[in-house]
Amino acid sequence: MGSIAIEIFGKKLRNPVMNASGTLGYGREIERLWSIKVLGAFVTKGLSILPCQGNPQPRIFDLGCGMLNSIGLQNIGIKRYLEEYTEFFLERKTPVVVNIFGFTEEEYIECALAIGDNPVVLAIEVNLSCPNVKTGGILFGKKPETVFRIIRGVKSATNFPVIAKLSQEVTDIVELAKAAFEAGADGLTLINTIPGVVLEENRVIRGGLSGPFLKSIALKAVYDCSKAVPIPIIGVGGIMNTEDVISFLRAGAKAVQIGTATFVYPNTIPKIVKELKKRRSFD
Amino acid sequence: MGSIAIEIFGKKLRNPVMNASGTLGYGREIERLWSIKVLGAFVTKGLSILPCQGNPQPRIFDLGCGMLNSIGLQNIGIKRYLEEYTEFFLERKTPVVVNIFGFTEEEYIECALAIGDNPVVLAIEVNLSCPNVKTGGILFGKKPETVFRIIRGVKSATNFPVIAKLSQEVTDIVELAKAAFEAGADGLTLINTIPGVVLEENRVIRGGLSGPFLKSIALKAVYDCSKAVPIPIIGVGGIMNTEDVISFLRAGAKAVQIGTATFVYPNTIPKIVKELKKRRSFD
Amino acid sequence: MKHILGKILENIELTEKHFLLTVKVKAKIPDVVPGQFVMVMIDDKKVFLRRPFTLYKVGEDTISIMYKVRGFGTNLLSRMKKGREISLLGPLGRGFALRNRDLYVIVAGGIGIAGVNLLIERMKGRFQIFYGTSSSKGLALIRNLISHDPIIATMDGSFGYKGDIISCLSQHIHYFSGVDFEILACGPKDMYVSLKNVLVTYRVPCQVLWEEKMGCGMGLCFGCAVKTENAEHPMKRVCLEGPVFDLWDLSL
Amino acid sequence: MKHILGKILENIELTEKHFLLTVKVKAKIPDVVPGQFVMVMIDDKKVFLRRPFTLYKVGEDTISIMYKVRGFGTNLLSRMKKGREISLLGPLGRGFALRNRDLYVIVAGGIGIAGVNLLIERMKGRFQIFYGTSSSKGLALIRNLISHDPIIATMDGSFGYKGDIISCLSQHIHYFSGVDFEILACGPKDMYVSLKNVLVTYRVPCQVLWEEKMGCGMGLCFGCAVKTENAEHPMKRVCLEGPVFDLWDLSL
């Protein structure tokens, strides 16, 4: 079996496979089935400067070929998380991508400052699909200007590489990729969940779509953005198996993240890593 | 069985169920299985002022929970179509929604003029997801200004009601709905296919996604736009059964269109119409 | 927790809406605490996520769940035939904790009986079952428990007490005063709300099996989180810190 | 065209990659012209669209298709067992048109034999089969046709002529000069390109069964359209105006 290590942000990773933010708990939970050492890097759940309780129930809807979630970014806050988990990742020698979000531009910067020079951190992934409370809830990721400002702000507050995770619900994702790049982003993660709505007993519930049906849309974003900006792209959206990973790499991704697949087939990530290793020795 | 007739654009339709443009051939083909009289209205394939050969093969990709097509708007041209088919629809007393598109703003207007006062026409559905050759291929539907100009132009060239069919790949579909409304649109059709990419043997093929995975995204567009503009909305995207139709009507649609479902389950439309009739008598 | 593959041995219709599914598994079944659950894969185009069901019975090489047809998934499950392969993930979650009380009062509403059956099977000391159901048809779910002399309430009065099981319980609860007893309950949310109202004055110890829609069942997605009264842990995941909770811990 | 429901009677493995599926149907089977096809539903999470297959054989109450495993759909189809329900839509498209020639030359490449088998079964007059395959393993597909003395070519020379079937045909074609003959062919696209090159000088009449990925199979989606030499109808739908075309009509 050949090596499938990659270099990204100047560091070497065991392999190009990460989990997607918000889909592998805080990190410990899956270890009842497999060690997180399997991952190229662990991506944290979205973390904010203050703890966040998230949305009321119900939060999960099965759409047959994927799902809709309205978790609402529940988390224990970035400081408590780093206190409780740094040791855990150190022990496992697993680099961590810290996914951060804020409800104001300042909160993004505070998150970056809270990370400091934490020894397990590989990079900061900035989730731009968060409502800006100051503009009545328009997502930061909707406008090139706000993307530019937030990435620039986070960059100035940290020495770690900064990855912009873009929202797909935009007229031209390439324009946003360029704004992130010009602000100094070191990489892009494409794509986040896509906004959708379900009707349950006459209630309208908003949430984000994930799962297999995102794949073709995510591939388009990865392909188009990889032609437009010279920074590494991490592909996410609907990956279910090794074939899908190969498609993303071919479309221009340097690494991939796997989310919803793990909910249904909890061994997806170790299986893909194993299969990638087998393949690599043949090419 | 109760009546499920609706009134839309000042006309009465047998029921709120139409086919989606481009998914029921020219009209004659399905009659080997069922009569198009079953439909509330028939929606034509996208028609242009000049005939159009469309894209090379392959054009169809099965994505497991939906499909991607790259038909490329093949059609025989609006004039020839109306010559060959007007009689057919007259005989069947089936109102026709003529779906038009152009590669320039003028071509949209020429299509509207070519329709004249054709007796079978119920309304003109303007497909705004078409690349504008003058701007290097940016879809007309991407910008409020071009949506406004095209709808305004088509309105001034016809007495028929004009429906704007919007593209979903935009930052804020409500903004486009408002532009169409302000330009005088009499209705909206939401949504068109969503752009995606497939990789086949290292070739990257662009196309539009359709099928069940659109449903939640289309419901969101219908719900949000129905709150924002006071014109009837026709909901499309991923409808597979009567439950789905009801969801669209609840989300704010006045009528619905059914596309891809017919490819796999060719009796979807008559089945839904029958089931709607049965339900209606109970409520 | 592990991946358990098996084949359907039987899928018995108990009432029009209730079924008892037994799966024969090949690998060794891990130890199970009553109240723990499995995530069941329902292999069909229309179902993407697994569905959670409490372990109803665990044999040498068989696992049973009892379920009610509620939506798409359970409807499809009810049509699966003998011999069909099925994938389970479990056992998951925290089950009931027994603390050597003098008496356990087990309260089940409807299909909630599925959540306490294994518990009852494994009960060593004194216990009393309260079972509420809409009509005498619901007795089909407790045929195996008749020898334990359950107190039964039906909404339509077609058997036993007429009314809901919590008002029935409230009529009996004074008999237990002075006894070191605890309530173990499984049923719908409004049953827990009534239960809380009945128990609130004495803060009777009570564990409830709480249901919430689940994305993963393994603590990964936070889809199942519920609010608690615990300031340190204001949100808890049903699949990880539950599904059995101290009633007084939850914000209903 | 109609909706045909049936149950799998058998799904025989002919080679590692080739299968013969026979479906028992309840309703009356409509009349079929050789070359017509059915759209087969492959009921699985990973498959959304139906897949087209030529009618290989049609019995009183059975329909057979012979297929090669190419991708996802055919792979899953090959694993479907006896007794499983299956939905077909057909017969669809325009089959071969026989115009009372003195001789028909039937040319099949690989799984292309599936496209002409029913034609051969129903042949009344004189005909000669040419069958090309990669190796002698491919003979498993024409066991039923041996009595018709097919001329066989294998790419690896393990049986018959060594090389592709069109070069083999080109060696024989002069025998037919002066005869009123027509070629009926089914195979991959590059076979048709070679065939056109061989026939071009004499513009020998030739019908080919053309394959293209299909969305609907009923003329609804224009997914299968091909370019033609016909100015009036520059694009034709394989599923409606084909799959059998006059070779000289198509722009290869």
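Per-chain numbering from 1; labels A, B, C and D assigned in written order.
As a working rule, a residue touches a chain if its C-beta (ideal position, glycine included) is under 8 Å from a C-beta of that chain, and two chains touch if they have at least 3 such contacts.
Since the model is a prediction, treat every value here as computed from it, not as a measurement.
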Could you tell me which chains make contact with chain A and chain C both?
none
Centre to centre, using CA atoms, which chain is the farthest one from chain C?
D
Could you please state the distance in Å, as a whole number, between where the Cα atoms of chain A are centred and where those of chain D are centred?
48
Inter-chain centre distance, chain B versus chain D - centres from mean C-alpha coordinates, in Å:
36
Quick check: how many Å separate the C-alpha centres of chain C and chain D?
57
For chain C, give me the residues that contact two or more of the other chains.
45
Listed in rising order, chain A residues that touch 2 or more other chains are 63-66
Among line, ring, star, complete and other, which best matches the way these chains touch?
ring
Contacting chain pairs - touch in the sense defined above
A-B, A-C, B-D, C-D
Taking the complex as given, what residues does chain B use to touch chain A?
63-66, 68, 142-143, 169-172, 194-199, 202, 204, 206, 209, 212-213, 215-217, 219-220, 223, 247, 250-251
Which residues of chain B touch chain D once you look at their complex with the stated criterion?
22-25, 29-30, 32-33, 45, 51, 53-54, 57-67, 69, 71, 74, 211, 262-264, 266-267
Per the contact definition, I'd like the list of chain C residues that touch chain D in the complex.
43-45
What does chain D use to touch chain B in their complex?
1-3, 41, 45-50, 72-73, 89, 212-216, 218-227, 234-235, 240
